[in-house]
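In the two complexes below, chain A is the common chain; its partner is chain B in one and chain C in the other.
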Partner chain A sequence: MAIAEELNTILGRMRTSVPELSAALVATTDGLPIAHSLNSGDANRLAAMAATALGLGRRICESFGGGGFRETSVSGDEGQMYIYSAGPKAVLGVVARAGANVGLIHLEARDAASQVAQMLERR
Partner chain B sequence: MNETTIKILVAGPCGAGKTTFIRTLSQSPVVNTDVPCSTANRATTVAMDFGQLSLDRYTIHLFGAPGQDRFEFTWEVLLEGALGVLLLVSGNDATHFPQVRRISDYLLSRNPVPLVVGVTHQDHPNCWDCKEVASYLDLDPTEVIPIDATNLESASELLVRLFDLVERA
Partner chain C sequence: MASHIAEVTEDVFSQLPPAARFTGEDEALLLRLGPGLASLEDHLVQGFYDILFAHPETARILSSGARSERENALRRWWRRTLEGPFDAHYWQWQAAVGLIHVRQNVTNPMMIGMWGWILNALQQALLETLRLLPHEAARAMEALHRLAATAQALTVESYMRHYLVALSQSTGVSTDLIQRLVAVELSSLDPSAQA
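Coming up: the complex of A and B.
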């Protein structure tokens, strides 16, 4: 199975488990989208931003002795985005409206991120 | 930031040597956000580089921006409060020149600050002449100088050139 196809399966499964998500994407750590499932918005732009947040998050983590970076979030009045490290080469980003069940999002997205990491590791 | 702290933005296309330039000049460990590039066999910056140095009575903060167009949203963020822009371009690859123009238009339309251009990769046999680069970018030839991003003296020269412009402005 092609990489994008396999990743789309992971994203699709996550979106089925968390219907509140309005977007999910996997990008390379240098900001290119590999797989995405968006209701609206520009995948290229979101991928670049996810990579920037990840890059910055990693350095922030290092500077306060937080160890390996795991995730970061951006919350607005109307929506929120969570960005997860998915192995050394990829980043997973998910978007939901404000008030969505954060616990459920984290539960499913962390799982998806580790699946993405494992899948890319095998390649 | 107090008066003697000066923020400078280091911009330019991918592979121009922005990260190297900041590493050469910085007197403190550089904060960088390099990751392996998926389209070329080297590293690329995704968020920013940050280095600092003291020059005379000034503390200079150097903020390096990522080169690819897809990161242009970071340019605007990093440009805020900057007193000047150092634009680096690799002199051996004319295909990057249009992007240099685009970057300089993008930055100066948002914050018209002094800007100087450093042409890197001077050791390359096909490196373009600074005069030609200046004429392409519609800049005064004194604002475009050849530099070696790995050499402290050469890199400082670009900074000094920018300071001359900032003082005159």
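Coming up: the complex of A and C.
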């Protein structure tokens, strides 16, 4: 199975488990989108920004002695985006409407990020 | 992206078309004209800093140090340029100027503008002070323009790379990602709408 196909399967399973998610993407740490399920918006831009948040998050963790970066989030009035480290090579970003079940999102997205990391490690 | 001065210097030389780059013939010519050009030192240094201290934007940057120290830096560069050799050490010095300029808030318009002033001052002096024949002065100016282009390319590229690398290191965002962000952001920008 091709990388993008395998990643899309992981993203699809996650979105089925959390119907409140409106979009999800996997990008390289250099900001290149590998797989995504965006109905609207610019995947290139969102992937680059997710990777930027990942890089900044890693540096912040290093600076305060927080260890390896795991995740960060950005919340707006109408929606939120959660960004997870998916191993050394990738980042997972998920978008949800405001008021979505954050606990469920974290539960499923952390598992998905782990799967992405393992999958890319095998490659 | 390489930011070590030696690597920046090598990269710039690989990008500069040979016809636009300072040559061995240019070096020989400048060294031959060296004694005459050396006599222009006071005129160049005086004029250079008169201009910079008369302009509020540049005077603000220079205000932190004594004028004599500034002048000595330019004198050292002028003497080294006329004595040669134009070796790796000389070109790496020109690249290092880019890093120094970032630290001192010297902008590229300031640097390029003053290079233009130096070239104009030299052109006038070659004809009126050193009394070279027009074709000799023209040939000397060709060499000086290639020197300026090479030095400016090194300084500007080094300026940009150190800026990017500092940004990259402080934020943890790789320079490849910064380049990607720039490409994504500018892909939808219409240059004609910015004019």
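Rule of thumb we're sticking to: the second predicted complex is superposed on the first by the 123 of 123 C-alpha atoms of A that agree within 3 Å, B and C clash if a C-alpha of one lies under 4 Å from a C-alpha of the other, contacts with A are read in each partner's own complex, and residues count from 1 in each chain.
Operating definition for what follows: contacts are C-beta pairs under 8 Å (C-beta built on N, C-alpha and C of every residue); 3 or more make two chains touch, one makes a residue touch a chain.
Keep in mind it's a predicted model, so treat the numbers as computed, not measured.
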item	value
Room on chain A for both chain B and chain C (clash or fit)	clash
Touched partner set for A:G55, first chain B, second chain C, both or neither	both
Chain B versus chain C as contact partner of A:S40, first or second or both or neither	neither
Chain C region in steric overlap with chain B, selected from 1-9, 37-45 or 73-81	1-9
On chain A, positions contacted by chain B and by chain C	29-32, 44-45, 48-49, 51-52, 55-56, 58-59
Chain B partner contacts - residues on chain A that touch it in the complex	28-32, 44-45, 47-49, 51-56, 58-59, 63, 89
Residues on chain B engaged by chain A in the complex (per definition of touch)	31-33, 35-39, 44-48, 66, 68, 70-71, 73-74
Chain A residues touching chain C - in the complex, by the definition given at the top	29-32, 42, 44-45, 48-49, 51-52, 55-60, 62
Complex contacts: residues of chain C adjacent to chain A	170-174, 176-177, 180-181, 184-185
